[in-house]
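What follows is a pair of complexes built around subunit A, which joins subunit B in one and subunit C in the other.
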Partner chain A sequence: MSDKEILMEVKDLVTRFYTEDGVVKALEGVTFSLYKGETLALVGETGCGKSVTALSILRLLGMSGKTLKGEVLFYDEESKKRLGMTGKGPIEILKLESKQMLKIRGFGMSMITQDPMTSLNPVYTVGEQLLEVIELHKGMSGDEAKKEALRLIEDVELTPPEEIFKKYPHQLSGGQRQRIVISISLAAEPALIFADEPTTALDVTIQARVLELMQELKEKFQTSLILITHNLGIVAETSDRICVMYAGRVVEVADKFTLFKRPLHPYSQGLIAAVPVVTEKRDRLSYIGGTVPNLIHPPSGCRFHPRCPYATDICKEKMPELKPVETEDHLVECWHMDEVLKDLEEKGGVC
Partner chain B sequence: MREYIVKKLAIAILVLIGVYTITFFLTFMLPGDPARVSLGQHGSEEAVELIRQQWGLDEPRYVQYIAYLKGFVKGDMGVSFRYYPREVIDLIKYRFPVTAYYGLWSIIFAVLLSIPLGVIAAYKQNSPFDNFAVLISQIGVSIPNFWLGMMLIAVIAVRLGWTNPVPEVEYGYYWTPVGFFVSLKDYALPIITVGTGMMASNTRLTRSSMLEVVREDYITLARAKGLSERTVILKHALRNALIPVVTNVGLQFLLLVGGAVLTETVFGINGIGKLYIDAINYRDYPVVIALTLIYTGGVVIVNLLVDLLYSKIDPRVSLR
Partner chain C sequence: MAKPLLEVKNLKKFFTFQRGLVKRKTFYLRAVDDVTFDLEREKTLGVVGESGCGKTTLGKTIVGLYPPDSGSITLNPNGNPINTLNPNDEELKIIRKTVQMVFQDPQSSLNPRWPVRNIVGEPLEILKLVSGRKEKESKVIELLETVGLKPEHINRYPHEFSGGQRQRIGIARALASQPDLMVLDEPTSAVDVSVQAQVLNLLKDLQKEKKMAYLFISHDLGVVHHMADEIAVQYLGQIVEYGDSEKVFNNPMHPYTKALLSALPVADPEFEAHKKRIILTGTLPNAISPPPGCRFHTRCKELVDEKKCKSECPALKEVEKNHKVACWIYDR
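The block that comes next holds the complex of A and B.
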């Protein structure tokens, strides 16, 4: 892995939401890196901060959210050129002025939202919504821009493009709309795309094809993808590496095979074990006991300790840090890795 | 589209006939004989009887009903009792321009103020500006029009002397290109009186509608595209947020007529509202019936316009 080129480093992101009920400590030091051209899956229970991670990086948290701390280092050469940066260093996303950020969004990094039924503006045609990005980031206009839009529509396998171009979102099916959302986010060939549950709202039959299409286009444009999903089946099929989040922390990062075969963090172990395996006979589905923590008053120390079978006093007091375990690229944060590893020896693997 | 309009108009005719029937029998069921009212206490019986004959009041009800209906079909609204023998249509034509003038400005005032106010308030939710806008609209919707009107006269016209308590503009001048603006000074108080409530409710609606729309996924996607805040708000959010506001403004056109009765009484304006209330007091039934029908027609037309505007703003709406 280490020979791969880094596209983005996210370091110690701390994001808060200020609500009437209190301060939501949504991210408490999120750290991971992303390589060029790879698909990184962000997984974890609902509310663990997957979407907020994406929105923090895109700086689209809205009025109540704020990233207090952390760094996002973006190594995309095209984006640097667009910002007029000449030096060697990366773009420090969180330090950009909002005007500069407008040149990054859609151009350097873009987003595919979850629900195709609500992701497109109902009062503008598909064409109008596509042209916006093309005109903004590709400097095209008039016929040239339109031709480009038609080409993009064709890229996501919608025909006939001229017809689709003129349609309003409500005249298209869910799958067709999601293809349009994909073509909008790909329009400027960004280096990075966040896909937040891109297929959850689609029919199962369409899901597979849309995912395939995303993979194809991603390869074609050599885009990196951060795939946010609950569906470990999709993760297994499409991602290169996996980043497991728990209550606003990244608790484990590893390549896909390692994480599925030999998850080390007690939470990841529960998560992987919870996936029903068709080929194996099991008495009952494993599950992780306890409930998702409240992020207004999160547990102290390791946020997983109320649910963790290995928890001891130190877990309640101090937050562990991500450290390599077994290999350079397998990062885990846990005070009791030794015990976990010992248990694994005894059981001879997890799943 | 064409089909839709034709259908709507066909329904409108049925509605008009229904409204005519109801108003006709209601007015004629009111106590008080128009002929007697018009001659006063000291008119002789013979004189009253003579007038009754002249106005057709001695005929059976159904004959009168049909006679009026026939007239309306031909575009003849009959003759006023009170201003006999002046035609009802002439009275209305004469009184209409001034009501239309300050009414139109009230709406313009309300729309021009409320939409920016609502958009900015929503955009800066919970800021001092937002709190101020919310307070203003809260007050605006709760103040009764006639009270606001009297307060404005007392303070701005009488105490401060900034304008006349009662508009003093030559008849019709306000509809000349220059007069349209110059007369604003005289009509400012009635315009504010009528417009404030509308402005307040539109502000509230625009604000809440904007707050809802900016939470939509397509707004997040618009931002993720790299569009400027200005484009996101004014192009993507506003147009969606305006959909309910359009309906409200349409409704306000209709409320204008009810409001006109009070406003014109307070400000002594000789408009449609004054004509209406006087007609009721003087048992001037032809005028009452004609105005009610015109109002009904207005409702139909405004609804039609709102629908058309709707379908222009929101492509999901198809006119059928």
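The block that comes next holds the complex of A and C.
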């Protein structure tokens, strides 16, 4: 990616959930950019805000959730045209009316979730569901729409397409259903797809095929992908860049080779070191002590400070900000980068 | 030479069920179908394979939760081999002490209405390993401390713990009888990587300290590689490759193992960048009507001797030292 073109900028998102137990401070200033055609992975422990980041951008938080602050700037010319927007500048997603948002969620951005059954309607056939999207977003109808639907089914390698077209979701296997969800997401040829744990429910061998398929389709349609997963293996395999999240903050952003080889944030270092890999045999695994923080009463300052080996008073008092370290594209938020870098030097440069 | 702790020979476990409304017909699901292996003391055997290939069933049959249909399971805890298929009362007691299982999902395997005191204390009572409340309590506390929990946790209930802590309670309960063999069924699949690292370290420490053998079931190859001395690759109820962990990982020989290893994403981008992926196509068979011949033949790219592959089932044969494969490629 030499001349990188920005597709979306997410700035300082603050999202809250209002629950009986109190206000969940789920996102506390999430900031990142997404380039055209790239796969950006969001990683981090359970509850750190990966799904909520996607839902905040798509504005699908539900009744109890609210994004209080922040900007989502979407630079997709096609979407602008379709919304009938003239003038310069990006689409400001958080300012759109809900009717416009509904449209954007088809031709601008769409989402693939962990459980395909939640995105499919059990009472309609695969064909009916595909036709609906095609008619709504592509303005096709009749035979033309049906031909397009069959082509989309073929694209995700389900055969014979005519048979699959007539089936109800429960008549398909888990892997087949997930492929249908992918084909529905692709039907409108969106500029951006969110894939939230897209293969968690699938078997390894089927997972491999679904991931490969997503990669091929992504290249074919020049789509950008935001991939959310626990599985650092999948991240290593399919992403271009990685965003590490901790307790509602993005704490580090880098390309995947850098992030696996030279993670700089103390949390990312702990996360990477904890993964056993088949390429080297270690006697013991290192791990991050302490527990995931409670987001109703999150820690002050840097939210990682109670578990961080480098923490000092300033970490407790002030929240650090994402800043480039070593290269322009490697962003880290941490008060003690100097110490971290010094330690790395002593260990010979790699983590 | 001392006998291995566990000897499994030609083990079969079928599930039966009826189908059909008018004519009820009995079907057999061949979950474990002719499995043979040994496990030495203080060693770990990793069992890998796709979902539904029979890993959990194998584990449960070995600990005695399912009666096998045929074959033998022999334990040698103290020099007197015990055939676990028809033990007498004395032997049954020894078996229960010798083998324990930690389950995949701690949430469902711990009784939610019991405090930790009862969960961990129950096996001590059943096996009469303690006499009196006082002794039981101090033993439970000792076990909690062994797995890194605190004495004050004794009165808490499972829902008051995190996933990793719950898994530790399951381990403490399994350790209560001082087993020689633990069957660990995906012990970390429900927890985050950082918690997983803590649990795996704990298991390794305990193994050294208590000189236990592990049968370690997991679909995460990184985890299995980290834990196991030997690996068994299971496909539709059968072991298709078996051997020294490094040998199986560095030189997988069965076409299925090759595909499985290549399909599993590894958390190392440089490794991923150079990896060649083998994508399996063809129909995924089921264990009710497994394909004749080599069970993998419907998805196999090699099919060395098509006629043979489709009609005769290859046996597990030693191809190099401590490395066995069941495939006609290596048996011609």
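Basically, the second predicted complex is superposed on the first by the 343 of 351 C-alpha atoms of A that agree within 3 Å, B and C clash if a C-alpha of one lies under 4 Å from a C-alpha of the other, contacts with A are read in each partner's own complex, and residues count from 1 in each chain.
In the analysis below, a contact is a pair of C-beta atoms (placed from the backbone, for glycine too) under 8 Å apart; a residue touches a chain by one contact, two chains touch by 3 or more.
Just so it is clear, the structure is predicted and the values come from calculations on it, not from any experiment.
Colleague: Using the superposition on chain A described above, determine whether A:A274 touches subunit B (first), subunit C (second), both, or neither.
Modeller: second
Colleague: Taking the superposition as given, does A:P122 touch the first partner, subunit B, the second, subunit C, both, or neither?
Modeller: First partner only, subunit B.
Colleague: Answer with first, second, both or neither: which of subunit B and subunit C does A:L136 touch in the superposed model?
Modeller: In the superposition, A:L136 contacts subunit B only.
Colleague: Touching A:Q114 in the superposition: subunit B (first), subunit C (second), both, neither?
Modeller: Touch status of A:Q114: first partner only.
Colleague: Going by the touch definition up top, name the partner, subunit B or subunit C, that contacts more of subunit A.
Modeller: Counting residues of subunit A touched by each partner, the higher count goes to C.
Colleague: Going by the contact rule set out at the top, does A:A236 touch subunit B (first), subunit C (second), both, or neither?
Modeller: In the superposition, A:A236 contacts subunit C only.
Colleague: After lining up the shared chain so the two structures overlap, which partner does A:E45 touch, if you call subunit B first and subunit C second: first, second, both or neither?
Modeller: Touch partner of A:E45: subunit C, not subunit B.
Colleague: Please work out whether A:F221 is in contact with subunit B alone, subunit C alone, both, or neither, and reply first, second, both or neither.
Modeller: Neither subunit B nor subunit C is touched by A:F221.
Colleague: Which residues form the common part of the subunit A surface touched by subunit B and by subunit C?
Modeller: Dual-contact residues (subunit A): none.
Colleague: Could you list, by residue number, the parts of subunit C that touch subunit A in their complex?
Modeller: 50-51, 162, 192-198, 200-201, 204, 219, 221-223, 225-226, 246, 249, 259-260, 262-272, 277, 279-280
Colleague: Touching subunit A in the complex: which residues of subunit B?
Modeller: 125, 216-218, 220-228, 236, 239-240, 313-316
Colleague: For the complex, give me every residue of subunit A touching subunit C.
Modeller: Residues 45-46, 203-205, 207-209, 211-212, 230-238, 256-257, 260-261, 270-272, 274-279, 281-288, 291-292.
Colleague: Enumerate the contact residues on subunit A facing subunit B in the complex.
Modeller: Interface residues on subunit A, with respect to subunit B: 58, 60, 63, 102-107, 110-111, 113-115, 118-125, 132-133, 136-137, 168, 170, 181, 184-185.
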